[in-house]
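Two complexes come next, and they have one chain in common, chain A, joined by chain B in the first and chain C in the second.
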Partner chain A sequence: MDRIVNRRDLAFQLYEVLDAEALTSYPRFADHGRDTFDAVIDTAERLALDKFAPHAAKADAEEPRFDGQRVHMIPEIGQALDAYVAAGFMAAHRDEADGGMALPWTIAQACAALFTGANASTTAYPFLTIAAANLLSVHGNRDQRSRYLQPMLEGRFFGTMCLSEPQAGSSLGDIRTRAEPMGAGRYRLKGAKMWISGGDHELSETIVHLVLARLPDAPPGVKGISLFIVPKHHVDDAGQVGARNDVALAGLNHKMGYRGTTNCLLNFGERDGAVGELVGEPHKGLSYMFHMMNEARVGVGLGATMMGYAGYLYSLDYARNRPQGRRPDQKDPASPPVAIIEHADVRRMLMQQKVYVEGALALTLHCARLIDQRDQTEDAEARAALVRLLDILTPIAKAWPSEYCLDANRLAIQVLGGYGYTRDYPVERLYRDNRLNPIHEGTNGIQGLDLLGRKAMIDGGAAFKALMAEIEATLAAAEAVHAVAPLRNALARLARRAALITADLGRLAAGGDVATALANSTPYLDMMGHTVIGWMWLRQALVAAAALDAGPAAGDRAFYEGKLAAARFFAAQEIPRADAQAAILESHDRSALDIDDAGF
Partner chain B sequence: MKVLVPVKRVVDYNVKVRVKADNSGVELANVKMSMNPFDEIAVEEAVRLKEAGTATEVVVVSIGPKQAQETIRTGLAMGGDRGILVEYDAETEPLAVAKLLKAIAAEENPDLVVLGKQAIDDDCSQTGQMLAQLLGWSQGTFASKVTPGDGTVDVTREIDGGLETIQLKMPAVVTADLRLNEPRYASLPNIMKAKKKEIAMKTPADYGVDMTPRLSTERVEEPPERQAGVMVESVSDLVAALKEKGAL
Partner chain C sequence: MDRIVNRRDLAFQLYEVLDAEALTSYPRFADHGRDTFDAVIDTAERLALDKFAPHAAKADAEEPRFDGQRVHMIPEIGQALDAYVAAGFMAAHRDEADGGMALPWTIAQACAALFTGANASTTAYPFLTIAAANLLSVHGNRDQRSRYLQPMLEGRFFGTMCLSEPQAGSSLGDIRTRAEPMGAGRYRLKGAKMWISGGDHELSETIVHLVLARLPDAPPGVKGISLFIVPKHHVDDAGQVGARNDVALAGLNHKMGYRGTTNCLLNFGERDGAVGELVGEPHKGLSYMFHMMNEARVGVGLGATMMGYAGYLYSLDYARNRPQGRRPDQKDPASPPVAIIEHADVRRMLMQQKVYVEGALALTLHCARLIDQRDQTEDAEARAALVRLLDILTPIAKAWPSEYCLDANRLAIQVLGGYGYTRDYPVERLYRDNRLNPIHEGTNGIQGLDLLGRKAMIDGGAAFKALMAEIEATLAAAEAVHAVAPLRNALARLARRAALITADLGRLAAGGDVATALANSTPYLDMMGHTVIGWMWLRQALVAAAALDAGPAAGDRAFYEGKLAAARFFAAQEIPRADAQAAILESHDRSALDIDDAGF
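Take a look at the complex of A and B:
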């Protein structure tokens, strides 16, 4: 049994749906082929199973603790990360000159998915480090890249993102951390940062904090935020790690899940100020941070997918092996019980998990593939089109998996019944870990505002139209394919309705009633999510139908037929959920707005 | 010193094997395959000998279908220098494999052949011993430590009573046991380097070896399901129960 992901499904998504091998036609990936992709994924899976999965439950039970001086955690986390670094994953997608293997982002993300599925909280440390490194590689100067980025790629330094403060999280315009120039390009930072994952530990030589703060002359709000590198230890001009900087751990947060990842309240400048250096230009910090954030949001969606996927596989295996009860037609009480997978409602719960996790995997890998295309395309116009498409898909790729793959975890617990609720089985931990994903990297409420208030409306709805054109193209390709007709028809209807609703809400907002439009941004995000995932299922179903027509290899028939069955289920049981959201949106409901505060 | 490392492509150790519906064998369609874990230990040992400056070249050999190239590539990504694949699609038996390896050894003249003590698919544990016999070389089987000397190699073996260290004259055949080392992961930069290493493609006919099986498989079945046990109250109850079953 596959424990993290169905490798047949991963190969289907990467090679049959996304044609990842075609990436090798870009000069940067010319040395690659399916052989290197598979070899890397094999190494990732093996490392994930050997070094990451075995301590996932232990890290949850024995969370890191702070003795007032330093953080203690179980040694397995460090051992797993040493092996991760030694195998070359920290720098995999970087050029060979940087110690990488110029791996496409699509394949790097497939590997990241395997690690997250095995053990999300240990994987968070390199996840954050890679995101910080990506930011520095674009916006850091040459000196910063050699002193900070290179040691991060070598796994000697880890990284964090310090955005939120105790009083300001979603509203970053209200942050108060200040940076005073001290000459020679250095600044002294003072302020408190909250929810800093990986904010303190002893896993690396030092920690590179990327900190948002305000310069003395900064304009108010989001236009006055600058980005600083503030290391836990001073790093001299030669890159040597020295004494402690004035960055103090005030305390660890005790979380519901993701418990192996330290999550910190950090005090910058308790004494004379934490020494930092400016990244890029003053007052542009937020835009640099968002450069990284968009990719991190897709990464969050992929991580949420994989926690759902691990729960799906566990509950599927359990359902195949757990004998309980008899079929309705088995009247003899002495007859042997059947495996619970034979019960209709258990099958429904498994199918629902399947359409959620495989649909979410299709979307998040699709986004990773678009990122590769965007980064390799020379043509400015084609690049701009890819940026638009990614812009509108990003809030969906973050929010939909984090809602529905969390629901998949709920269903996995349900399949196991009482056992699923105990800590002797991994499904409750997967649920608790996954419960973070609707919250961090921009809550799903923020994603809804981002989608409806910005991405769907910007430039006269250009990104929305681009997305609809993509969906239409798949619908057209599915026109004559009988095997996918139910989903094609249901999706075509939903997409038309979604386009009308988008135009309608746009008119409502343009007419001045922004509040009513935005009061329904979450149902909008939900409806658009189901539309996009329905599209992902149609894409998969088309590939499966073609493979069945061509005569599949022995053992593949059931796999492809499973894809078609899942597509029919999505048409019959999931599209109607989106229709329910559509009805809400069409009603311009304002009851939650209109109720007086005292009425709650 | 040259080291030859034969490796076998087998069903991955994480896979729960299933018997084919017609009982002719185990299901291999859509099943993950990888290098036999004991052979990985053998590759690791050879690569360590090279890193220590003792070995100068590590040649990875496999006998199997075209896809066994991937298995050889794994060995090359771990640090092997080049590969040889003898392409053969049907099931292989230890004797035929040993004969092929003998022919390859005659061409390559290795000082040491290091291979896994057994393959986890058929669990034969015969190839290394047969090869040593066919070559007329010394053999050190079930090795948990390998220390090359001057024209000799000390091999510590895991035996029933504990450990035994023997000294072999080289050339010699060594089969790797579980505790010999912990094999490394094929690192990403090395996967790229391995892509550029050479794999020579051969057939059994190139070596004049007849691969015709000497054994035939009648039926493959699942092991019988384990019967439920009974709890006994005391030692005398246990003795009585064992007598009743005819075990005492």
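Take a look at the complex of A and C:
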């Protein structure tokens, strides 16, 4: 793998579309500038290509293995993570006082995604650690921050999120792990946790598990769940790592992809009870988790994007270099074959990948920037507006890239043909790895319910209206720009249709037919996803058109024209797919609901 | 795995929709009846579940391995194939005089597909052997049939198809393997062949490679390719297997799926030349291969279908048994969870799988039945009409199931959630195995070019018109049947649109803009696929509606009503996807053609 992302595109998205440099007007980022941002991105890219990408295939082939005592894995994983920590990426977005670089979340996430694109399974360890650290930084007390958070930022402790249990995944209200108070602010936990990525390994001094569990007499359901820190080893008051806590690896899950990441069934308190500490207040555990949910879900979407992006670039480079066949107008069989990028159907597959991965990158970076603005804005009203927008965009930013950048990986394999189906080329691994993303951090079915059943409807549709107003503003800006007219017109039509459908489904649900409305949550998520990505493409096309008008730098003309071509492709070839979802939604089809179970 | 196919559905398709019993009116099948057909299908199903399914995961985990001398694989593969041969499946469709059962191709293929659904990689060995045997039975001379074909039918020799080379896959005109006459009807071959499934193993006494190569002074391109038999071991005039021929395994390809099937780079004539025999006449090799192409491609489609079908049933059974969450109207968190089949979005995923796999089964069995009719019909004109219809349906029967039943596998994983992503459940393996089907036997890109550039256009569009006439006939029969009205109306509209688009693209190509027309070959294939599958669903719905009118047997009502519900789902949720492709085709979008290579 020679490239993970097109750096020209990343710069375009960050600086020309999102004006990430403007973030330096916030006091927290005042010491930064494009030069420091780019330097960090350079470092991330080099490290990802030099230390992460080279062992991705090996980590996939030689899965971590549990000998009953400890987990063994190839040494390259630990070496890569040491380099990651040494370069400062574990704490990249933390304050300098905490050993961080005080980078905007946008830049830190762009860097994180480069590592994911290079090697998703090795990157999962810091990805989870950073998520757990973020949670502790907000909800942990001073003592917890010093004993757990600080070593995590230093890369000495890694972290996990222990939510699911074998019988409770999407339905977290049904978790059964129990926590009994043992005095002195300590609790004894007992229960089994499933799908715990990074749940055991020897990569760090210890592992900080953030565990959802029920206190005695907790109310049933989601309102009776509390959050605990349960370290793999006891950590004393001075922060010293001691003996093993009662957290046992019951087994490693063997997955289709992400094979380098241990994924564990963990038993807490098999023997005498796993000792933990409460985070925050009782019964508020799930709300703490959800508090960090936007960041986590946007992060999943951005990671899925980069896995798609890496596959796109790999298949693009292959298509430029693989000779095969002739153009249809070349009838002489003795003529030399052309590079397959000359073939119309290969170009279509490349273009489809391009609009998926660059569109997904635009959306996920846009969301990351909204997170920065939300966190830095002093104005309460402006903050509320940002939260609203982020809330409605998050299920889309998680689900759309995980569906369509997976589809990009499918296309990358197809460009390589038989070669793409072999483990000698990275595209099949990317496809297997990326298949996880529609499942974890809330399945895409859950994202659909979240979008249609909650985010689009709450507060009289305030978030939906805010989103539509943003889209309308871009459409208005595009009014007079001839070069973007096809996408502008197609998107304007789609956005109007989406608004009507949203109102219609709202009426359906309000009228009591919640079942029919929710049966359509996935088509709705898909339609809204294409609407939002179409908007992202229109934003990009406007910037490109303006740059071309202004007279671009010598090497940039093809780049900007490529953006306009991709916008036309999106209008002609992708908006119709959203129309198909719209037609499904308008039909109020109930056939899947009404069929007798015996009729399947 | 407890089920591969819903036997009630298979019986419905074979006997109620396709009237497979009517095949017994042909003299060749006169001794058969539904009882013998069902007995063979019973045997195939039992054998597939007892001997093939149980080692599918093991064969996937413990890939064949080459020690430099020979290929090692788990013993269960050989044991399963011994049972397969002993039960008569290698020669199921051959005459009794050849040791066969004289089964119609339709029934033999239905059986073959059950094995593929149970364990695609073990089944690949007989699949390839049967394909090679079919070719020899038509184009081999008497001596070749006795020395090679007969032992293949007896399961003593296995076969392969050696077409591709490292530098020539989709473009077979560029193959370089050479064949020099050495007298006495023998040739010395020299060259490398890539992607040879079953290319080496110890499962049979020897392996009969059917090899495409060029004779000296052969014209360039596809018109200079001849077909040779090159056995792994020399086979003397009496059919005795002797010393090794100069065919060397240069390496095994390591694939994403189909891992139990060896896939080889073979070197022919590394040392002194591999000795082979010409099949048929010089320079006609590719036409012999293409002569068997319909059968092979329909077989790939049917296999892809059964892999989708097995995953559908697995996820269906899982959904019936997995408790998780509550219905939206149940607010009490202490209430017991429901089986996930109760959730609207899970039902949608099951229904989508159902319409894909049952629709694909209808099409591929329909094509198999056309092959039987073609082969048994005495009337030349009727035969020509059948060939025309088969020709145009074949690219669809190969490509559509390989795209959409792979998508069914994607959905099956999603129904299982995290569990579906692990190798403890078969759905992820099915997804990996099925990913091969859009690539081999002509990539789906090649199928699109074949359909739009050739089949839909030749003879003034005769085949297209014949297909449309068939669809119109079904639409006419559905005219007065209220229960099928939604699909009838949607399909009638789509078929008219497809006809206009076909004429339009024909004009575009005839006007010289071949590039724009062919840039649309994949959307065209997709649209035509949905049109044809919609037709297949209308045929099924008509039969179901009639059965419900007539008063079905006690246990059958839900089954027939399930077919009608699926037809409504197809009308509401799938026809719009075809409309999207139609809109793409109508746009004449050239953005992927026009973009500068540097703009990607």
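Here is the rule we go by: the second predicted complex is superposed on the first by the 598 of 600 C-alpha atoms of A that agree within 3 Å, B and C clash if a C-alpha of one lies under 4 Å from a C-alpha of the other, contacts with A are read in each partner's own complex, and residues count from 1 in each chain.
What we mean here is this: a contact is a pair of C-beta atoms (placed from the backbone, for glycine too) under 8 Å apart; a residue touches a chain by one contact, two chains touch by 3 or more.
None of these values were measured; they are calculated from a predicted model.
*Asks:* Quick one: classify A:351 as touching chain B (first), chain C (second), both or neither.
*Replies:* Once the two structures are laid over each other on A, A:351 reaches chain C alone.
*Asks:* Would you sort A:559 into first (chain B), second (chain C), both or neither based on which partner it touches?
*Replies:* both
*Asks:* Quick check for you: in the superposed arrangement, does A:508 touch first (chain B), second (chain C), both or neither?
*Replies:* Touch partners of A:508: none, neither chain B nor chain C.
*Asks:* Contact-wise, after the overlay, does A:46 reach chain B, chain C, both or neither (first, second, both, neither)?
*Replies:* Touch partner of A:46: chain B, not chain C.
*Asks:* After lining up the shared chain so the two structures overlap, which partner does A:462 touch, if you call chain B first and chain C second: first, second, both or neither?
*Replies:* neither
*Asks:* Using the superposition described at the top, determine whether chain B or chain C touches more residues of chain A.
*Replies:* For chain A, the partner with the higher number of touched residues is C.
*Asks:* Both chain B and chain C touch chain A; at which residues?
*Replies:* Dual-contact residues (chain A): 559.
*Asks:* Touching chain B in the complex: which residues of chain A?
*Replies:* Contact set of chain A toward chain B: 1, 3, 7-8, 31, 33, 35-36, 38-40, 42-43, 46-47, 49, 83, 86-89, 92, 96, 99-101, 103, 553-556, 559.
*Asks:* Contact residues on chain C for chain A in the complex?
*Replies:* These residues of chain C touch chain A: 164, 167-171, 173-174, 194-195, 219-223, 253-257, 316, 320, 323-326, 328-329, 333-334, 337, 341, 343-351, 354, 410, 413-414, 417-418, 420-424, 428, 431-432, 435-436, 438-440, 443-445, 448-449, 453, 514-515, 518-519, 521-523, 558-559, 561-563, 565-566, 568-569, 572-573, 576-577, 579-581, 583-584, 587, 589, 591-600.
*Asks:* With touch defined as at the start, can you tell me which chain B residues reach chain A in the complex?
*Replies:* Where chain B meets chain A, its residues are 14, 16, 27, 29-30, 32, 34, 70, 73-74, 77, 185-192, 194-195.
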